[in-house]
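Labels for the chains are A, B, C and D, by order of writing; each one numbers its residues from 1.
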């Protein structure tokens, strides 16, 4: 009898540890279902999936950086830069697509190296380092294009943003799934992933164990920028033109997705699953808000409230700090 | 990053003196000084005429107040992304509520400060009582408060009184009145940080929450105080902004949060909390105000402004930021 | 005056997987020093946290001044005069000494800090721990670990206390500073305060304690007046068996010179260049007072900090002055601050062990869990690590077992030179003797070992010869003989004739 | 000053202003003409201009010699090169200034009203002869007033401010005109009955909100037209496309889309084409890309422009003031409007997709800015 109770109790606790992080997502899904019945039609689901793809790709890069205890505000800069580089270097012709892609990746590499270099070599706080490089990237793009970037993205790339797999699933979400799988394997299974976590948790101990935290951190910033470039390519090929409106915007979606999912800003804590969760939640939220058709004000209020509520519901143990728990909490 | 205290590998003495300067927030002033010298050299009369000085100082007032609040929150180990939206809401409400009635001016100003405090209290409660990460809490508040502002009015609305506009344009010598408000706020925050138990506790909580708690510090009220301070200063900034614009706008303060954080960090304050100097933050504000001024004074090509801004910020942080404790 | 200033009644506390305290009852009388002893992980610190309201017990109650009391936070305990100095440092490195001493007990007038009163109070408290010369404005992070610990003790002393709890205060102290600590503890007890004193240095017990309690596996196994206990008995109670405390003579080193240090000057040091040769199988001890430069020397050897001059050769080949260079050459350092530098506490035991050489347990960049677990089992076997399994977070292990992991991770790379910095700090006596055994065995297997320790008996007992450091310089070399202890102390203090 | 009265409420009856007004019939006619031309272009039956009194300003009052040197220095508080409109607005003025031999003191707001407040204060402190301001929002009114109070004539360009700003003249195309003309066209297309979606630009930004308000006012006249949803596109085709995909999913039977921008319209057209559905009648400003993308399709649209080149007219107005010549207090710029019936002719294959067509900017400037290829 006793064993039976304890047994079911432990199943319950185990269940709750699995379900707790999902609570926020469930909340959003239920809210969406109740208020907008059309939310679960195939068309809308496809839009959500597309959003998952486009937010998720950048969020993966962001996750890597967050795991090292950093943050990358320059991702949206890398995205905007990509569409400009693609358009300008190819002039819209498929023939030069490869060159355009390579150049975009090179530019992304440069941004990543700049971020990583500032953080590692100069010890600049990541928040400011990447914000400064965002301003710089925007500045370079504006100076280069005279402020009005424009041009065509080669049609040969349009499958990336507009295509569907099996006639239904948007290509971006497939790309995201593949990249997420790769990130999952890298983080959980490879030596590189182990080094990322070790560096994020304790760079000093990692360094003294022969890990080179500098290289790890730079690597993560580079990966983040390169994923930003991929996200930028998806975005550019989605619309097919350079979208000047995106050049100046600071897009916090990738950070929000990772952090809402439970990746800590202090480094080391977080998995690809967290990011996936946060990404889906954000994608549902953004689509739901459009479907809701509420005014701009109400929409912002709802998204702000839902983000805080969802994180609150994620069943973070309301724990009072202990002297033993020396690690700084996310607070 | 663990914060257990231990001597680190000692630096070369030359660097140590320099890092002392950085620590006390003096370093950013080196760049400010260099920029002032460069501007004097390039545009002597244009820069030093009282109108331009007034323009620089007045431009610094709103950002300065917001950065001051940010400074306090960051010292406590947090971050406040919602300051820009709080400025937006309070400035919009100032104009909408005053709406040209002189009798309403004072009550509305008081109400805005209270509103700022209330929003700060909400931030602070979510962070310290519900123990949610400040980044998420204040990001959510950023959306929420901007949404409220847009709901109040989607178009520019309301009108402040002549007294308020006059105040925003009044000067004492070359010093604009809004700047004097900033000076007073700096003095008040300095007093709070350097001369009250709460100030000590804030440094302690920012440096190591667990250690502070072990020493008997009440963490919650300290954090609440920090966010409330930030909210109050944002409320004041909102009133100043409304006075300057004479009218309320639902987007007035957008983007201020990033400028404020940048100013704080350029000034040598650690985003990890527990270390920072007010002098540095004020220097950071001065630097950002001067960059804007310099770009116009030097008549740089408009397409180069962001490039220049980015380069100066990178130069400032790369050269002058204290290395992260290892 | 109450009979029991502070006590516990039937206190039980469990963490996932461990019962840290099991029905613990304890009573500390006013005016007496009560030593709390036990192996690593016996539950001493957990008990302290419960007694100070930092943690709440699963069952049982805390007794304050003869009354059962519920404590919600350290602040409440402080309000009742229960003042703790926790095992981990809680000074804030970025704050000044003054602010650290007065943290949580600032004196203010009309809301503003009363700076005169503050200074006076801090001065008085610092004077009691022999830090009267310390400028109050110094940034605490700039102080040596020992002085930081004293600042923390000064903070506790500055409070009016009926109970003072010191959790391993002596771990980072030596010489005069340790003496000053003992003096102040006695003085405070004489004033009527109950003192709870936790230590792994058993020679402190007869010198300080009036009563003692021994914990083993979360249970009180013995309690009574200190005079009833000999060191042997204490050890027996703690470990539950006899521990071999004598250091047999080490086997003479047979091998050729493995490590050769010539003209070495660490960056930032103004001391004269250091020389050292260590043979395979040889153990060289480094002695000196706290801050004498031993750690700096070891860190420089390991490439963890730069050298401004000189060179290090291993097996006749010059070693590059970087961490990776040193590791590649077979030099491994087990650093003194285990929790900060030695381990990634949030990774599992197995993950920490394999961090130094991930290639061993991976193929094509993929970590093979089976191989990783095998590596863990191997080290568990070799060092006698007690952990629930390879997947246990290192944070949850007891201090001694953490230290074994910190050593084990370096054994994975089969180093030729092993540098151990304070390998037994904060480690209980049972684990200590195991670590001694391990060090001996490693030397016997042909490793060259350099070991820095503040415990004189340990250096002398383990090493073939001892280098003595003072003010960053090697001031002498002492070989194993009956009065080496005295000679080392004289050299370290600069009183050698 | 603790009055319970609302300030300025008694004096703003407009009677005093009306007395001063030298009614320029010619100008009034020009204003009406700008409405009639749209009416004709869109084939509207019922489209009357909103009431507006245009007066002549006495230029004598502002007549002045150059304060420094022998050429005028005109301060230009510009939007900044945040998009192709901003670039052309900035550059057209500078180009014209060069033609006239006038110095320009330039400051970019990068689309932000708060920045512009600082800019205007700073420009004022440099004591220019006159100032041209592309207003980023009503929030700059106070600072404009301060400039005028310092005897610097201010000409507002491509935007409006409340009368309290004291600006001497306003040179612009009317937002009301565009917003209501698009709405009226849709209403006629639908025969006064149907479901309409509104796609506005940026929430809270006056240029977007005023046009939207005008549209809503117009639609309100038709009880059978239902505005099913209002969305914001941030003037980004990417955002607009996502929004449009959502519209297709939730309102499959949408009859028309009112959009305030060509960028928004571009995204909408793509979304519908990809979904294999007919694009509902749509409006927006006429960017090259949109016309090219709809060429050869049966997409029905009504386009007009808010020409950036009007900034050169703004400069002329400022200089007229300085020369003491009479100017109008409101100069309403006209520009081509057209529908899908004759849209194709405006496409310019030699020019960039972002160009607002037809452009009256000098050809060599367009080439210089790499917006068009040299022919």
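For the reader, a short list of remarks on this structure follows.
Keep in mind that, in the parts below, contacts are C-beta pairs under 8 Å (C-beta built on N, C-alpha and C of every residue); 3 or more make two chains touch, one makes a residue touch a chain.
If you want to know which protein each chain is, UniProt gives these names: A = Autoinducer 2 import system permease protein LsrD; B = ABC transporter permease; C = Sugar ABC transporter ATP-binding protein.
As the structure is a prediction and not an experimental result, all values here were calculated from the model.
The pair with more inter-chain C-beta contacts, choosing from A-D and B-D, is B-D. Among the other chains, the CA centroid farthest from that of chain D is the one of C. Chain centres here are Cα means. That of chain C falls 73 Å from that of chain D. Per-chain CA centroids place chain B (ABC transporter permease) at a distance of 34 Å from chain D.
Here the CA centre of chain A is 28 Å from the CA centre of chain B (ABC transporter permease).
Touching of two or more other chains is recorded for residues 80-81, 90, 110, 203-204 of chain D. Contact with two or more other chains is made by residues 2-4, 149-150, 154, 208, 210, 213-214, 302-303, 305-306 of chain B (ABC transporter permease). Annotation for chain C: residues touching 2 or more other chains are 54, 73, 86, 88, 90, 339-340.
By the contact rule set out at the top, the touching chain pairs are A-B, A-C, A-D, B-C, B-D. The touching residues of chain B (ABC transporter permease), when paired with chain D in their complex, are 46, 49-52, 54-56, 58-59, 62, 99-103, 105, 149-150, 154-156, 159, 161-163, 165, 168-169, 241, 243-255, 292-293, 296-297, 299, 302-303, 305-306.
Those residues of chain C lying in contact with chain A across their complex are 45, 49, 54-55, 73, 86, 88, 90, 302, 304, 323-324, 327, 333, 335, 339-347, 351, 355-359, 362, 365-367, 409, 413. Contact residues on chain A toward chain C in their complex (touch as defined above): 185, 189-195, 197-198, 201-202, 204-212, 268-269, 320, 322-324, 326-327.
Only residues 80-84, 86-88, 90, 110-111, 203-204, 228-232, 234-239, 241-243, 245-246, 248-250, 263, 266-267, 270, 274, 289, 352-354, 369-371 of chain D touch chain A when the two sit together in their complex. The residues of chain A lying in touch with chain B (ABC transporter permease) in their complex are 69, 118, 122-125, 127-129, 131-140, 142-143, 146-147, 202-204, 250, 252, 255-256, 259-260, 264-267, 295-305, 307-308, 311-312, 316, 318-319, 321-323, 325-331.
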